[in-house]
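A, B, C, D, E and F label the chains in the order they appear, each numbered from 1.
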Amino acid sequence: MTDKKTDKETIPAKGKVGVYICYCGGNISDHVEVEKVRESMEKIPGVEVARTDMFMCSDPGQEMIMQDLKSGTVDRVVVASCAPSLHETTFRSAISRAGANPYIYEHANIREQVSWVHHGDQATDKAIRLVAAATAKAEGLKPLEPIRMEARQHVTVIGGGIAGLRTAKDLADCGVAVALIEKSPFLGGQIAQLERLAPTGDPAADIVTELAGEVLGDPGITVHTCSLVETFNGYVGNFTLGVKKRPPDTDCEKLSSLNPSGRTPGEFIPFKGFYPESVAARAEELSIETGVVVLATGFKSYTPRRGEYGYAEFPEVITLPELIRIMAENKTTDNCLEINGRQVRSMAMIHCVGSRQIPGIHPEDESGNFNEYCSRTCCSATLDTAGTIRQSYPGTRIFELYRDIRTYGRGQEELYEQAAKNKVVFLRFEADESPEVIRSNDHDDFPLRVKVKDVLTFGEEVEVPVDLVVLATGMEPNNVSELVDMMKLPVGPDRFLLEVHPKLRPVELPVGGILLAGTCQAPMDVGEACSAAAAAAVKAAVLLGRGYVELDPFVAEVDLEKCRGTGACVEACLNEGALNLVEMEVDGEMVQRAQVTSALCWGCGACVAVCSENAIDINGWTLKQYEAMVDIIVADEATA
Amino acid sequence: MSQTEKQKKEQKAAMKRLRQERKQKIKDIAATVKTQKEAVKAIKEQLQNHGGTVPQIARETGISADKVLWYIAALKKYGEISEAEKDGGYFRYILSEGSPEEIFNGQPDGSQDTK
Amino acid sequence: MDAILELDFDALIVGGGIAGLQAALDLADQDYQVAVVEKDTSIGGKMIRLSKVFPTLDCSSCITTPKMAAAAHHENITIFTYCDLKSLESEGLVLTASITQRPRYVNPDKCIGCRLCEYHCPVYVADKEEGGFSARKAAYIPFSNAIPQIALIDVENCMLCGKCAKVCPTQAVDYFQEPENFTIRAKTAVLATGFELTPVENKQQYGNGEIPNVITSLQMERLLAPHGPYNRVLRPSDGMEPDAVAFIQCAGSRDKSMGISYCSRVCCMYAIKQAMLLSGSLPLADITVYYMDIRAFGKGYEQFYQNAKAMGIEFVKGKVATIDAGANDSVTLRYEDQNGEGVTSANHDMVALSLGMIPGWNPEGTCPVSTAADRFIQTIRPKIAPTRTDMEGVFVAGAAAGPKDIVDTITEAGAAAMEAAKYMTAMETARKAVA
Amino acid sequence: MYSPRDMIDIIAANVRKTRNPFGMPKFLCNRWWQDASMPAEGDALLFTGLMYQFVPYIEKSTRYLEQFEDTPWADYVRYAKYVPNYLAGMGLALLTPAKEKKRFNAILQNITKILAKSKVDFFYRSELDEYSGILLYDLGDQESFVRHAEFVAAKLKRAGVKTLITVDPHTTYALKVLYPKYTGQSFEVKTYFELVNFTSNNGYKRVTLHDPCFYGRYLELSDVPTKVLANLGIECVPVRNSGLFTSCCGGPAESISPKLSKEVLHRRTEELQSAGAPIIAMCPICLGHLEKSGAQVEDLSSLIARCAA
Amino acid sequence: MALVNPNFAEEMERFGADAALECFNCGTCAAICPLIYEHFPRKMIRYLQLGAKDRIMENASELWRCLHCGLCTQTCPREADPGEIILGLKRFAVANWRRS
Amino acid sequence: MAIQGKEGKILILATETCAYPGADSVGQAHSSYPTNTYILRVRSPVMFPEQFYLDCFAKGISGIIIMSCGEECPYEGAYHALAKRVDRVYQLMKAQELDIRRLRLTAICTVCNRAFLKEVNQMNEVVGELGPP
């Protein structure tokens, strides 16, 4: 055990270890000779006391530990009992109650990993080794404090669509100051492009007006339209954003065509959005100090390629958003729908345009991308529109060509059924046998025909004569490459922003303090986007609620005496920014040394492995502690 | 001392009353337990020598195959039976080595309180 | 009669499944005092009983236990398991919940979860936690990753032999426990009452759950779980390793003939996941999914579906009309092969019914919150504030407000916590304004 | 398979001419009442719809049809309307064995016994007992069906009939559901077993009930016979497909495709026989058809009548 | 197949089959039908949905396979009443023949 | 009677989020395995340098199983860094004529009982075959 001795010399705080071994009412003691373990522990130098109890987790058991701490008999604690998942927190809190630092604690698992799986003498021998190893680790423990960072009670929301508005309002309602940054002159995002929301039928304008009104009326929220984030610095609780406020040229044109001087701020302009304020004449730059950033950058509608189902080749082929807009702007009371001055007696709606693309079947876009995902909302939107048309214009026949009808949500299957009741005819195609849109013969009554091999008709080819073809286009993420680069945001293979874990941390990014809300993460409908936005808001509120952010103390620490500034650790670090080389003065010389930004350190230890000087380690889980444990395990005598 | 004895007595009497109350149910369960014990014994006997698959055991014991599997699953969970190699479409089962008899039959040693 | 115990909390969460736990954590992390009332013996809901989860295929236990442990150890969360909610009403600005603690016949403060009672109990009882495929004892700990790890006695199967009491090292067994009533008062509540599977009895043509080797989707989860009843996939009638397994979609949804017209939203994906896991553990088995529409709508779901197809899992379009027992414990399905010659039958060694979701709780008579035609809890602003109910201060999360997958449930739980926090902030502001 | 178009034409012509699908005079087939003494006045009219009476003729004609199905001779069936003596009318009546006719007549006589024992105030008048026209409806000859139904309904109304006691599911469905819908005339319709009002315990111990589609599904009456039999001490064993989900015996297909109808029959009989108890039918078509499988089949009325004795 | 004829479904209402378009082609009716015959009755319903009148008349004899047992209607997950649709088609065919 | 471990000690580095609770799950199932197995709880095995493994063998450890979280690793990128490192350790082991079967990288989930037992038994066979390092 010479190695161990050397280790001890390098650890300044030499521990006085107390070892507490549990019988677990026979669960342990039936297979492990607990008293023998105790005797062995007593022999170990550095172990001040070794005690046993029928139930160490019971009040008397905990009391015993607390007494030893309070009396100063021990300053390191090892409990040998069941799995740490069950009682590690119990004992840590007992240690805290005794006025000691909870991190001077080590747990030895001699139930699940010894007495329940081994029997006889060997069980006892193994228990002795494991407890001794824990003791060796405990000697190297030092008191730790959770990392606490002051956090600004301020959140910046990027994106003024429905998700951004929802997040902003929720946080303001909880007393957090919010800056809302929107690049266009309008609030409401993509919802402003809709007439009514499926399946509830809520008018989109009402929803936007209500929420935007609440946001603008809230003194806790500052809205910046025509604004772009240009710079980004800092870490959770302390970010600084540089924002430039000026409408892009295209928006300026749009604005002037709307005659902004004639518009009152606070008005909803159909297919534009909620118009909150007049736009500043000249560019402005501002800096926002914030604690948490919520990304609500939304989606854009897929634009079909030229020739995709005849799009841009035949004027009779339009997208669903285009149809919705045309219908809203030309409301008639005719028997037939009228589009661009032509009566629509028959129309085909084709699903999955720009969604569910399959490599090898569908062509990629100019950047080599496929939209392999389902856009989630188009089925309902298409069925809802079809139903509306059939009710308002009974003279217009509708055919829907689909792959799978995905009316998954509440009230959506009813939409599908309602469309069927309204005599919409459904045709089904396989991905590799997409419908074809062709020009009819001159003598034909209808300008276009849609040809499809219909799965429902036993694979027969069916032709539908139509006046109009509507493409149910999917969602694509907005291009936020600048933010992605600036904030180091992870992007998934589908090009949407990628959360840490869809179930454990669904609205969080690996970058601490940056959250996701709405369709920048994945296709969602309005309700789902609002849910995600509120979930992001609650995470922000949790982060900022106490005025500080508290993080685990298990982070890397550099031993400056050993560090030679090679930078190997910086290179190995998995979370960019957590480790940096900084200039500092050592013995009157300016040298490079590694420095940990605790707020960003995950404590994974990737840096530990690469330091040739052993100058960096993870607090609470040091390499030396592991080496000491291995020494115990390999020793000839368990407690030598 | 007499106080605790009195308590013990009361406890016993209360237990007796409770058993009386649930007499019929206890009778039914006892009958089930008897069947279960016989089944477990029969299955274990089958496994004693060379082990066996579920259909084999079912054939030999006359217990239905789904029930045999049920007992095997349970006995496996309590460590008495282990799975062996595959035999056709079925797995063979054997009695566990070092079957943790003591867990099931041993008494917890409550006398070693060292406080 | 003792005075009924009254406890005060900021928020009451009804249901300790993943939705309830997430909402509880999101509120407790904001320093609200939270009570979680769970009817079951353990928290964790349906999720802790699953094998793996789609589309990431990570182990369900591995992502549920951290949340369960975090809630169980949270200083601001108090968990009440094995409790029935008798009523939840609002009186002014206070919500009052009457709760009955069902007796475990084991003193939870004394029990240390050593399982000695379980080992010594002589009665084997079909373990519903393992789909009935294995047995537990009449005295038992619900399952290996249950929280709390506290034993209970199933009186329905207890013959009062006294063995458990005799071996219990802490004298925790108490055959005389009675139900105890207590009251929780809170400012706000989140209903996270979850779902149950569509009963198999709802579709006579599928055999009413009486055909051997026709199992439910949750039973399939247990067979696939590494710590399940057989530790591998075997067919329950005789322990054979199945060579041909089928999944029947919409076995409890989108079917007016069984009174459920809505889509249950998760069955397509869980069936695909189960098929994939199955093909992983039985690489030579033929796996078929019978479906009407594959609804792979969530993030990464469509790609998951396409992967399953690429793995050789067969997808057959058509709703299975009847299920019958076939020869040698096999299962026979009849369906219309829409691409082929028409009506045909197929034989499989084992068939899993992809059952749908029905509400886990009917508030009628307990709580004046409204339900919709689908019998799930009604939300009044489904678009703009999806967790609001028609009862002031009461919010809903997860499958209680309609079928939902885990991702959407967890997100919605966060949203419900947000609504609850806002509600309490507004109450506090109003109180201060008055003062 | 026979051309439905030809069959419909034959049947429609027969009904038009003779008010029954076989084109034979009613006095020839409806003779069971002559041996029974029944009141001619009362509360409720016993309305057989002639279905039980037809069964022996159906059986006979099917056997002929079966021989010719899918042979060149099948085409000749279309000329049947011009050769009424071959397959219809008098000829058919004469070809059908008397023993069979007697057996089916006994069923109706049993029903009157059951009604009497149940103290039902009923009456019978042969001239009011008509075929319902249900086959025309099932075959899609809506026009002929409505015309015939209007004739029957008018006749009953003229006679002041308000309540009908029916004996088979097809007639029950026609009178109870179709007549009000298509003729505008409503009657109170009860099947005889809904009126059984006595208990006993000297029947079979266990039987297998075959629910006819019309009782099980369309009229949702299948729990009634189960209850009646329970009161008579007879247990009905569960059948895989019953009640709302009962399986057709294949009988109605006989006139179109005897082959097809046999296939269906075979499957259903297997299902019914798997329970191992004697099979009970309650529809003349089912009865006649199920018997062809060789299984032991008895009409519900015979079983109840035996208990009444 | 010829062009679809969207007007046929409405024409059929006269013959009492007004729920044909509610069918979502799951195939339950075909598989539950005691006749076990190819795609019947869904095939006929599908032709009706598309207005393939000629297809229906070509195969009209098949309609009389239907025994009117009602099992398809009972089990239809969409309550599209397939049994009644077939009966309506029978009426349509009979009327057609009579006219010709 | 316990299952006798073969000679030689096996070190198991088990991640605190996956494999360590996985080993507990084996305990809860009372599935016996040899006693020569020493499970150390680690945050992420990526922290161990190549030398650590070599030192362990030098000190007398006969086999090492790294039970990681695999792709479910909570530290993004750590698993890949770990896999690369293990490859390098293999190179060094070869250079020292250590049989590389003595070191194994695997992923064990919180309820992967069977996988855990399989790994332990396999390593025991290897260690039994090879003897001390």
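The definition used in the following text is that a contact is a pair of C-beta atoms (placed from the backbone, for glycine too) under 8 Å apart; a residue touches a chain by one contact, two chains touch by 3 or more.
From a predicted model like this one, the values you see are computed outputs, not experimental measurements.
Trainee: Using each chain's Cα centroid, which is most distant from the centroid of chain F?
Mentor: It is D.
Trainee: In terms of CA centres, which chain lies closest to the overall middle?
Mentor: Centre-most chain by C-alpha means: C.
Trainee: Which chain pair has the highest count of C-beta pairs that touch?
Mentor: After tallying contacts for each pair, the winner is A-C.
Trainee: Give, as an integer number of Å, the spacing between the C-alpha centres of chain F and chain A.
Mentor: Computed value for the inter-centroid distance: 32 Å.
Trainee: Measure off the straight-line distance from the CA centroid of chain C to the CA centroid of chain F, and report it in whole Å.
Mentor: Once rounded, the distance between the two centres reads 35 Å.
Trainee: Using Cα averages as centroids, what's the distance between chain A and chain B in whole Å?
Mentor: Measuring from centre to centre gives 48 Å for this pair.
Trainee: From the mean C-alpha coordinate of chain B to that of chain E, what's the distance rounded to whole Å?
Mentor: 60
Trainee: Of all the residues in chain F, which ones touch at least 2 other chains?
Mentor: 1-2, 21, 28-32 - these are the residues of chain F that touch more than one other chain.
Trainee: Out of chain C, which residues touch more than one other chain, so two or more?
Mentor: Those would be 56, 58, 65-66, 116, 169, 205, 231-232, 254, 338.
Trainee: Name the residues of chain D that each touch 2 or more other chains.
Mentor: 244-245 - these are the residues of chain D that touch more than one other chain.
Trainee: State the interface residues of chain C toward chain E in the complex, per the touch definition above.
Mentor: Counting only chain C, the residues touching chain E are 205, 250, 254-258, 292, 318-322, 334-336, 338, 341-343.
Trainee: Okay, in this complex, where on chain E does chain A touch?
Mentor: So the residues of chain E touching chain A come out as 1-4, 6, 9-10, 21-25, 39, 43, 46-47, 49-50, 78.
Trainee: Can you name the residues of chain E that touch chain C in the complex?
Mentor: Residue list for chain E touching chain C: 24-28, 30-33, 36-40, 42-43, 74-79.
Trainee: Please give the residue numbers of chain C that touch chain F in the complex, ascending.
Mentor: My answer: residues 56, 58-59, 61-62, 65-66, 144-145, 225-227, 231-232.
Trainee: State the interface residues of chain C toward chain D in the complex, per the touch definition above.
Mentor: Those in contact with chain D are residues 204-205, 324.
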